[in-house]
Every structure is written in C-alpha cells, then in structure tokens.
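In the two complexes below, chain A is the common chain; its partner is chain B in one and chain C in the other.
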Partner chain A sequence: MDWTVLDSWIVVTGMLSAMSCALLGNYLVLRRMSMMGDAISHAVLPGLAIAFLISGSRDSLTMMVGAVLIGVMTAFLVEAIQKLSGLDRGASMGVIFTTLFALGLILIRQAADHVDLDPGCVLYGAIELTPLDVYEWGGLEIPRAAVTNAAMLLVNLAFVLAFYKELKITSFDPALATTIGINASGMHYVLMTLVAATTIAAFESVGSILVIAMLIVPGAAAHLLTDRLARMLALSLVIAGLSAVFGHIGAITVPGWFGLRDTSTAGMMAVAAGAIFVCVFFFAPHHGVTGRAFNRILLSMRITRDDILAFLYRFQELAPEGSPPVSASDVENAVKAGSAARLVMWDLVRRKYVDRSAEGLSLTEEGRGLARSLVRSHRLWETYLCNKMGFCAEDVHYSAHRLEHVTDKALQDQLVEEAGYPFQDPHRKTIP
Partner chain B sequence: MNGMGIMRRAGICAGLLVISAGRAWSGGLAEHALEWPSGAELLRVLTLQDYNTRVVIIGAGLLGLAAGLIGTFLLLRKRALLSDALSHATLPGIALAFMLMVAIWGDGKHLLGLIAGAAVFSVLGTGSVMLIQRHSRLKDDAALGIVLSVYFGLGIALMGLATRMESGNAAGLSSFIYGKTASMVFFDALLIGAAAVVCILFCLLFFKEFTLVCFDAAYAASQGWPVGRLDFFMMALVVVVTVIGLQAVGLILVVALLIIPPSAARFWTERLRSMLWLSGAFGALSGLVGAGISALMANLPAGAVIVLTASLLFILSLTFGTARGLVRLGLERRRLRLKINRENLLRELYEWFETRCGTSDPGFNECQLLNAPGRPELLSLRAWTPAHFRRSLRELQSAGLLKKISSDAFGFTPEGLAKAQAVVRKHRLWETYLITHADIAPGNVDWGADEIEHVLDLDLIATLEQVLTATRPAGMPQSPHELAASERNV
Partner chain C sequence: MFGAFFQPSAASAAMAGPADIPLWVEDLTVAYHRKPVLWDVDLSLPEGKLIAVVGPNGAGKSTLIKSILNLIPRASGAVSIYGRPYAIQRHLVGYVPQRESVDWDFPVSALDVVAMGLYRKIGWFRPVSRRHRQAALRELEKVGMAPYARRQISQLSGGQQQRVFLARALAQDARLYFMDEPFAGVDAATEKAIVALLKELQSEGKTCVVVHHDLQTVPTYFDHVVLINMRVVAAGPTQDVFTEENLRKTYGGKLTLLSQALHEYAQAPRPSPGKKGGGE
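Up next, the complex of A and B:
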C-alpha cells in the first residue's frame, strides 16, 4: 500500500464531509425523517443542473443556492402533498423525489455535451479527484472540497450548539416545543435547509446517494450506543470519521487481494459505515442484539435463583424438624428451568447461600434471609392483590410469582402498609 | 384554512420552479434545443412500424401496467419507500453476478444472470430492513436509509472493481443505474412482458387476500390467513417488477413506477378495485407515452421521460381527481363556508327577534314588522365581512327564507322562521351539552357551539335530546348566555 499526501487529503476531505453530514443526521434519525435526507439528496439534482445551466460554471456558490432552494422546496412539497391529499409520508416523498430526480437527469443529459457534469459523478462523487483541485493558502495547497466541507461542518456545529435545546425539544416533543414558544416548523425548515446545503457540499466527495449513508448510518449507530443526546452527537462524529478512514484504506487495499488496483473510496466509505453499524447492531451494550439477549439470560438466571431459594424456604417451612434436605433433582424439577437450574445451583453454593451435602440442598443462614424476603414479598403481594384489588382467584399466585422478583425493601414496606399489616396471606400461610 | 395556505405556498414554489426552469432554458438549453421530430417520424412511432420502437414501447407499457398493479398494494401497505431501498440494494447483486460470470464464462453480459443477482440482493436488502426494524430500536425510516445507502455503497465499490477487471467488458453495467430503454432488444422485452403478465395474473388471483392483508393484517391473521406468507409473496412480486424494471428505467427511478401511478389513482376513487385498474392504466400509459417520446427525441433518457409522464398524470389527478382532488376539496370547502355564513345570518336574525318579540307565535308577525333590523344592524351583530354578509343575505332571499319588510329591513318568511328555529335549536342543544357534560363555562360555549352546529345531523340531534332530558323535544331551549342581539338593544 503506497500512502501519499494525496491519500491523506482524500481521507481528510472524506472525514470532514462525513462528519458534517453525521451531525445533522442524528436529528433526522431522532425525528424519524431519515428518508427525508434521501429525498432531498436525490431531489437536488435539478437544482444543480439548473444552477449549472444558468451560470455555465461549476462555481460552488451558484450550485449551492440552486440546490438548497430545490432541497427546501422538496421538504415543503412533501409536507404539502401529505397534508393536502392524505397520502402517507413515504408515498408523497417517493412521488416528489423521483419526479425531481427524473427532471434533473433530463436537464443534465441536455447539458452534458457542453458542461462538465456527469450524472455518475453526481451520484457517487469523485473523492479521488478532489486533491487535484486546490487552493493556495499560505504556501499550503488545500483541496477546495476540504475547505468547503470544513466550512459546512463549522456551520452545522454552530447551528447545533446555538440551538441545542430547541433542536432537542422539537425532536423529542414537537407539541411541547410549540407550547413553550419554540417554532417547531421553523426549526424543521432550518434543519432541512442545512441538510440540503450539507448534501451539496458533500456532493463532490461522496456523491448524492452515499451522502445518505453518511447522514443516517453514523447517527443510527450512535443511537444504539447511547441514550444521551450529547453523547450520541459525539459518537456519530467519531463513527463518521472512522468510516472515512477505513473506507479509504479499504478502497486501496481490499481490491489488491484480488489482483486489482483500487475501487471507489466513496462506496467503500458507505461500506465501512455499514460494517460499523453491523458491529454496533450486534454488540452494542444495551441496545445491541447480543447485549439484549445477554440481559435476557441474566434476568432469567436471576429469576431461577429466586425460585430455587423460595422453593427451599417453603420446603423447610413445611418439612418437620430434622427431616432430610431436599435432593438437587427435586429442586430442578420444581423450578422447571432445565439445565440452567444446575448452573444456578452451582452459583448459589459458590456464593454460600446454599449448602450442598450428600443428601441434598439446604439454605445457609445468609440464603435463608434472602429467601425469607422473597417469600415475604410473594405473600404480601398475594394479600394486597386479594384484599385491595379484589383479585383472589387461583391465579393470584402467578401474579405474585411474577411480581416478587422486582420487589425491593421499600416496596415491601409500602405493601405492608397498604395491606393493613397482615399476618397471613389468602392461602392462610404466615407472612415471614 | 391551513390547507389553503399550503396550497397557495405550494403554488408559489411550483411557479418558482417554472421560472427557474424557463431561465435555464433560455440560458443554457436553448443552444442545444431538442430536435423536434418530423411528421414522418411521428407517424412511424405512433403506428409502431419500427421494429425496435415497437419492442421498447410495448415492453415499457407492460412494465408500467404490472408496476401500477402491485404498487397499489405496496402503497396501501404503507411500504412505498421499501421499494426504494430494495431497488438500490440490487446494485451489488448486479456487480457480483457480473464478476462471477466473468470468472466462470469470461463474459458477464447475460441478462438473466444479472437479473438473478439483482433479485437475490433485493431480497437480502428487504430482509436486512426487517431485521433492523425488529431487533433494534431504530424506526423503519432509519432502517430503510441504512440499507439503501450501505448496499448502494457496496454496489458502487463492486462496480469499481468490475470496471477495473481486464476481461468481461463492464461498460454497459451502469445502464442499470439510469436505465437504457432504447437499447432493449426483443429478448428483454419478452422477459419484461412475461414477468409483467405473471405479476398481473397473481395480482388478480390474490386480489382478496392482498386486500385483506393491506387493510387489516391483524384481522386477517385472526381469520386464519397466512399473513406472513402472503406478505412475503407480495414483496416477491415487488422484487420481480423492480428487477425487470431496472433495465428499462434504472434502479433509482423504478420506484417511481411503483409509487406514482397508485398515488395518482388514489385521487379518483375510494374503491380498491377501481383504484387497482386505474393505477395499472396510469402505469401503462406512462410507459407507452414515455417510451414513445424518448423514441422520438434521441437525447431524452427514456426512464426519466416515463417517470415525468407519470408525474404529469399525478399532478392532473391531484388537481382534478373526483374523489380527493384539490378542485373538488376546494369546492366542498367553499360550499360549507357559504352554508355556515347563511346559517349564522339566520341565527342572528332569529335571536334579534327573540329578544324583542319572544318566541310565542301569536303576535310574532306584527312584532317582526315593527322591529325588523336593517343591513347596518345585522352587519354589526357578527364579525363578518360586508361582502360575505351581502352574499348570504342575497342567497337567503332568493331561497325564499328571508323577505324584505321595508326598503331596508328584513324579516323571516314562514319557511325561513322554521329553518332558523332548527338552526338555533341545534346551537343551543350543543351549548347545553357542552355546559352540562363537558364542564365548559357558559360564557365560552357560544364559540364551541358555533363551530359544530353546522355539521350536526338529525341522528346526533336525537341523541343530544336523549342525553339532555331536561329539554323537551319540541321546545326551543333558552340560550345559556346573553345574546349579542340583546346587547345591541340596550
């Protein structure tokens, strides 16, 4: 792999454009408007073409203005058609952006022979060529695209910081925002304007469709990683930056394995972002697939543990003094948890809640205290449900059985109070 | 009112677009104005004499028909944008299939192979969307965006590899992105035609099942229908239409054929069966006309023209649709507004006489003659514009409900009095209901009732009378608050 200064500039440009997209993308993901990013980035095509045809040059500012106008119009038309016709949001988006895209395609074809505007370039960018078009600045050659994207990133950053609270409230609760005097639809259109502008700025580097990857994927991945907005914003920036780095490295190394030179960096940036997303999807601590499965297993283990302790307590309560302890296989059958029960029993012995002898299992002093509290919760719940809620049928046992696992000391005390300091549960068993 | 505001602003937006497009035309496009076809060429295309044109036009028409039919179900299932995600997801499939075929046969341009690759990946894409939706807290929009962009990125990267391969000639692959209708050969058209016919047949065969799944999937499941399998089958048909449409209109615009015709058909009818046929017809028409136009003008990409034809149909439907079109909605709204103005005038006049003459019949006519209000008094009773007021007055007079008592004083005809009594009764019943059952202060009920009285129907009035047992069926309830007419009197 030959790494040159060009490669560094490609990565820097890619990072800047990916980060400026990702920052706004967080809000698109939170507002459930990800596809609006898709619609806008497709729809700006005629804006670009018209600006091109009017100015006859690839001057960034004209293109920016034309495309932003069309982008905001798209957001507006989608909204209008949705309200006027009762079509759902997806359909009205689909109608608007395909129409505008088709219009743009025709305009570009018409213009293609005298302006240097290639639909392919618009769709997936030409980040590999950006370092060739440079600004001279203090003896340093900086690619124009890097400057544009850095400026856009600063604008977006300023917007997000200045309107952090407003954006947060309008994203999570637009109705509340309106009642406390924040102009929710105003925020919406400012956001849409910035999305359109960012899309244009990122056009040259990642193209109109891969811009969507940078808008949505980092934000979505960050959303799975954390529940706090500020952290989500920071994480999305990191993920966007990493996608650009890994994307370019992938683009120049992976094809080498098959004996080819290289491939599209923009495409590989989207793939890298996708790979990061897949990792997060599976391995995020709380919201990842394995994380959730792990939590579920932990929970079921805890419930099995509670069941075993309570079973042993009840057994000792009923058994006459001096009778032999209950055998491990009986416990296993009683809690109906299969082989997980054996694992839990092993853990209980290890923690010294349960004594294991040749004849079977018995509670230690420590285990007894824990088990007493569980049975107490169970019987208090039964009493409460029966006396206070008139819920005395057979299955009150099962309701109490579910609730006992989530009852702590404070709740117990409250139950005692509410149930009127009872001594016996509805089945006439003493409440310990 | 909000709707009207949006309409007006949308109009301005559309106007801006036209202006800017016009400027673009004069600025840049005029230099390469389109070559308009000669009459002979037009005739050739219209009569389908040219073999190639015939193939292309018929293929595009059948594609439009199939897409319009299955798109209807897609739209009703609220999955319009899923088609966008799965069409973008086909790109890596096309590139991979190409590379695989080059590796095996040395030539990658077998349409069937490419289409098979596309189909596999669009199913994978749909599966990924479902997976993300089901197993994470991301909503469907994020899932669609992620799948669409990542698969497309993968596709671009693979295309980059494919074009750098020494053998295989990947030059035409990008036509799958934008479509290249004009290069369709007989075999392509045959494939499209066969697939379209299959889709059409299945849409008709499974009409009832699909309808059930679209409108109430939970109910269908409870009735024992295999909803999951039907859903999958429906999506499979969407995949088929998408992949055969790739070549014709390209993967970005093929969604338009699935979304726009049914959306347009929605404005004309409330019945699913007619919507289905209309949508199919719109799709077929867009395909035929679009392919025809692009056959006439060499420089226009066919996919885009087909989509713009469909968009034109959509705009026409949005405006003139007989079920939900804007013109019809506007007329209905206007009719309702006029009716409300008339009823308000009747009520004000009734209350005017009520405070002066009482409600008992004997003596009412003499009292009316003595106390009839003139235009200025009536106008000041309510915050209405003079124009609205004059119009209502005129309409009520010509309907024979009001009559001129002197040169500038108005009173009820017998029918007018009965009508006014009915209106006031509705108003007061609703006011009483609001006070007794919704705990609204008597001072505030007038406005609440003002909005609702015009839409109360007979059934609702009967129910109100039952609920408000204090009110005897025939009598006129007392107004719970001071009347504007009496304030003027003091």
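Up next, the complex of A and C:
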C-alpha cells in the first residue's frame, strides 16, 4: 500500500464530510425521519443544476444557495402534501423527491451537452479527485472540499451545541416544546436547511446516493450503543470518522487482494459504515443481539445457581446430622440444567458459597444464608398463594419456584405480612 | 342554566376573559378537513379546582386542550388564560400530553425528561446546570420516582412513565395545568399517586384541567366537570352537572357502564348538596 499525502487528504475530507453528515443524522434517526435525508439529498439536484444554469459557474456558494433553497422547499412540500392530502410521510416524500431528482437529472443532462457537469460525479462523488482542487493558505495546499466540509462541520457543531436543549425537546416532545414557546416546526425547518447544506457540502466527496449512508448509519449504530443523547452524538462522530478511515484503506487495499484496481473510496466508506453497524448490531452491550443473548444466558445461570443453593439447603435440612454431603452428580440430576450446572457449581465453589470435598458438595456459612433466603421466599410464596389466593393444587410449587428468583428482602417482608406471619408452608415445612 | 361558571357572555365584550379566570374560551370551533370537531365551545373555568373533561371517544377532548394551547389551529374563537392570550401567558401553563404521543425509546433518562419542564425558565443558549438537575430530582421525588432518575425512559413501566410526565409538569411550576388522560393505562399505585398529586396542586391554589375517561371515578376525584361532545353539553360543579340526564346527552346511546356509575355515585355521600339541578 502506497500512502501519499493525497491519501491523507482523502481521508481527512472523507472524515469531515462523514462527521458533518452524521451529527445532523442523529436527529433524523431520532425523529424517525431518516428517509427525509435521502429525499433532500436527491431533491437538491435540480437546485444545483438550476444554480449552475443561471450563474454558469461551478462556484460552490452559488450552487449551495440553489441547492439549499430546493432542499428546504422539499421539506416544506413533503409536510404540505402530507397534511393536505392525508398521504403518509413516506408516500409524500416518494412523490416529491423522485420528481425533483428526475428533473435535476434532465437539467444536468441538458447542461452537460455544452458544459462540464458530470452526472456520475454528482451521484457517486469523486473524493479521489478532491485533493487536486486546492486552496493555497499560508504556504499550505488544502483541498477545497476539505475546507468546505470543515466549515460545514463547524456550523453543524455550533448549531447542535447552541440549540442542544431545543433540539432535544423538539425531537422528543414537539407538543410540549411548542407550548413552552420553542417553535418545533421552526426548528424542523432549520434542521432541514442544515441537512440540505450539509448534503451539498458532502456531495463532492461522497455523492448524493452515499450521503444518505453517512447521514443515517453512524447515528443508527450509535443509538444501539448508548441510551444518552450526548453520548450518542459523540459516538456517531467517532463511527463516521472510522468509516472514512477504514473506507479509504479498504478502497486501496481490498481490491488488490483480488488482483483488481482501487475501487471508489466513497463506496467503501458506506460499506465500512455498514460493517460497523453490523458489528454494533451483534455486539452492542445492551441492545445488540449477542448482548441480549448473553444476558439471557447470565439469567439462566443465575436461576441454576439459585436452584443448586436451594437444593443443597433442602438436602441438609432433611439429612440427619453427620450424613455425608451430596455428590455433584446428584446435584446435576436434581437441577436438570445439564453441563451448565457443572459450570455454575465451579463458580459457586470459586465464590466460596459451596465447599467441595471428595465426597460431594455442602454449603458454606455464606452460601447457607443465601440459600435460606431463597427457600424462605419459596415457602412464603407457597403459603401466600395457597392461603390468600387459593392456589393450593400441586402446581403451587411451580409458581413459587418461579417467583423465588425475583423476590428480594422487601418483598419477603411484605409477603410475611400478607400471609399473616406463617411458620409453616402448606406442605408443613418450616419457613426458615 | 348550568350555574355561575357557564356565563362567558358576561365577559365577551373585550374578547378576553377576566384576569382572575384561569381559562376562558369563547366561540371556539376547530375542524379537521372541514369536518368540525369542536363547535362553538364556550367555557369559563374557576380557579383552584380539579376539573374533569369528560366525553365519548372522538368528542374532541384532546382537541380542546390542543387548540387552547395553540397546538392545532382554530377555525374561530378566542381563548384567554388569566385574562390574556395564551402566547403571553405560557409561563402560567403546564401541559401533560398523552403518554403515547412521544417515542419512549428516545435516548434520555427520566431526569432529562423532567428537566425539560425547566427549559422555559432556563432560556435559550443556556445549558441544564447542576442546580436544574437537582430541582428536577426534587420533582421526581414528589412522584416517588427518584430511584429511577437515571433510567432510560423505555425501561420504566407505563405508570412510571406517566409519573415522569407529571414530575415534568410540576417542574414547569404553572398555575394552570392541562393533563391529557394521565390515568390511561396506569397501575393502581400510580393512580393513587396522581390523585394525591392533584389534591396537593389544588391545595396550592392551582387549577388542573384533566381529560378523564373513567366515569366511575369522576365524582371522587374531581369537583368540577366539563361534559363535552363536539359542543359543551354541560359544565359546572360535579354535584350539579354530573347527572344521568347530562351524561345521556353527552354519550347518546353509548351508555352501558354509565347507569352503574351513577348508581354508585347516588349511594355515595356527597360533599354538599347541589343547589341547582344540572339539566332539569
């Protein structure tokens, strides 16, 4: 891999555009209007074309103004059509943005016949070419695209920091926001304006199709990782930055493995963002698929642990004084948890709840306390269910067995009171 | 006919209610797609009362509140809060929207949500400071939710979520509260907590306008009732207005549980006998 200063600039430009998109994208994700980003990024096309046809220049400021105007108009039309026709937002967006996008394509085609505006470049971006178009600044050559995107990122950061509260409340509860004098629909249009502007700024680097990936994927992944807004914003920036880095490295190395030439960095950035999302989806601690499976396993281990402790307690309660401890295989059979039981027993010994000797297992003083509480919960529940609710059939044991795992001290006390301070459960066993 | 509280015409000349009347509404009409939801609503609600807004589904109860709060446009009519338009009296008003109206997966904690009630006081461009968070925590304490302050809101039960909403309204520190179905789908403990809270607000001289569904509890929880079905059918003190005839007018043929509710109400001891019959 030959890394040149050009590559560094490509990565920096990619990072800046991805981060400025991702920052606003968080709010699109949270407002459940992700596709609005898509609609705007497509619909700005005629704005670009018209601005270009009128001014005859590719000067970014003119293009920006034209595109932002059309972008805000898109947001406005989507709301208007949704309200007036009763269509849902998706349909309303589908009508508006496809029409505008098609119009834009036609205009660009017309313009392209006699001027230099490449539809392919608009759609897919040309981040590889951005370092060739530079600003001279204090002896430094900085790509124009990097400057534009850095400015956009600063504007977005300033917006999000200055209106953090207002963005939060208008996204979460627009009705309350409006009643306290924060204009929710005004906020919506300011956000849409910035989304349009950000889209245009990112256009050159990632193209209009891939802009949507940068708007939505980092925010969506960050939302899976945390349940605090500020952390979500920060994480989305990190994820966006990483996608740019991995995207460019991937673009110049991965095709090489297959004997191919470099591929599009913008495309690879979107793929990298997607890959990060997939990782998060599977491995996020709370919301990830694996995390949830892991929590389920932990829960079933805890239940097995409770069962083993309670079993040992009941065994010692019944066994005459001085009888040998119960063997590990008996415990395993009793709790019916298979090999998991062995793992849990090992853990119980390690935590010193259970003593393991050559003959078998017995509770330590600490383990005994824990086990007593479990058995107490179980018998209290049986008493309560039988005396107070009339569940005295055989299956009262199973209900109590399920409830004992979720009963804490406070609930125990309440049960004692409700069940009328019992000494024995319905099977005439002493409540410890 | 419906008592002293139903006389908006007296104050209508200036198109603004008297300054001591928390909520004054005249000629309010609201329509969705040209179909009226509220028609010519006149109301004048007394201060320091717990007021139930009662009516069948689709009667315009939520619409009434939302149009008062300028959340949906009015086709016609005037609203004044303590004698002046809502837009300048916002600081006097607290609002508890329906629980389903927000996305509970939103990445905020219970405390964050309560702090939102302070946003107006905090003002633009200023962050939520530690002092504000402490204030929010105190409101959470009042509804028994302090131990859950740091929980993400989707990890709360429905009743707990409702209590968070109420704590947020308390943080708004208003004189007039609008609550849209706070009792909907909550557990018994939360219902008790909400009632206690309403009584406390009342004892502080605050006025609560509550959209309520459960007719059986109206007489015990509320001392003033607005019966609504597109128009105001009746409004006034509960013992005067909450009569079988008025309810029949409000609910039309859809009265099933109603007779039972009224029967129970008739058996229950009344705080003071009504001076005027509601609908006779």
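Quick note on the criterion: the second predicted complex is superposed on the first by the 301 of 432 C-alpha atoms of A that agree within 3 Å, B and C clash if a C-alpha of one lies under 4 Å from a C-alpha of the other, contacts with A are read in each partner's own complex, and residues count from 1 in each chain.
In this section, a residue touches a chain if its C-beta (ideal position, glycine included) is under 8 Å from a C-beta of that chain, and two chains touch if they have at least 3 such contacts.
The model shown is predicted, which means the values in this text are computed figures rather than measured ones.
K.L.:
In the overlay, answer first, second, both or neither for which of chain B and chain C A:R32 touches.
P.N.:
In the superposition, A:R32 touches chain B and chain C alike.
K.L.:
In the superposed arrangement, does A:G256 touch chain B (first), chain C (second), both or neither?
P.N.:
The answer is neither, since A:G256 touches no partner chain.
K.L.:
I'd like to know which partner A:I182 touches here: chain B for first, chain C for second, both or neither.
P.N.:
After superposing on A, A:I182 lies in contact with chain C but is clear of chain B.
K.L.:
One more residue to check, A:P324. First (chain B), second (chain C), both or neither?
P.N.:
neither
K.L.:
Let me test your reading of the model: by the given contact rule, A:D173 touches which partner, first (chain B), second (chain C), both or neither?
P.N.:
After superposition on chain A, A:D173 lies in contact with chain C alone.
K.L.:
With both complexes superposed on chain A, which partner does A:H223 reach: first (chain B), second (chain C), both or neither?
P.N.:
both
K.L.:
Regarding the shared-chain residue A:A162, is it in contact with chain B (first), chain C (second), both, or neither?
P.N.:
Second partner only.
K.L.:
Once chain A of both complexes is superposed, is A:M232 in touch with chain B (first), chain C (second), both, or neither?
P.N.:
second
K.L.:
Between chain C and chain B, which one touches more residues of chain A when both complexes sit on the common chain A?
P.N.:
Chain A has more residues touched by B than by the other partner.
K.L.:
Please report the chain A residues shared by its interface with chain B and its interface with chain C.
P.N.:
Residues common to the chain A contacts of chain C and of chain B are 32, 86, 223, listed in rising order.
K.L.:
With touch defined as at the start, can you tell me which chain B residues reach chain A in the complex?
P.N.:
2-3, 6-7, 9-10, 13, 16-17, 20-21, 23-24, 27-29, 31-32, 34, 75, 78-81, 83-84, 88, 132, 135-139, 141-142, 144-146, 148-161, 164-165, 174, 177-178, 252-253, 255-256, 259-260, 262-263, 266-267, 299-301, 303-305, 307-308, 311, 314, 318, 324, 326, 329
K.L.:
In the complex, go through chain C and note every residue touching chain A.
P.N.:
33, 66, 69-71, 90, 93, 95, 97, 101-103, 106-109, 112-113, 116, 119-120, 122, 124-128, 152, 154, 168, 172
K.L.:
What part of chain A is in contact with chain B in the complex they form?
P.N.:
Per the stated touch rule, the residues are 29, 32-35, 37-38, 42, 46, 49-50, 52-54, 56, 66, 69-70, 73, 76-77, 79-81, 83-88, 90-95, 98-99, 101-103, 105-107, 109-111, 113-115, 119-120, 123-124, 207, 209-210, 212-213, 215-217, 219-220, 223-224, 251, 255, 258, 260-264, 266-271, 273-274, 277, 281, 287-289, 292.
K.L.:
Applying the document's contact rule, which stretches of chain A touch chain C when the two form their complex?
P.N.:
These residues of chain A touch chain C: 30, 32, 86, 162, 164-166, 168-169, 171-173, 175-182, 223, 226-229, 231-232.
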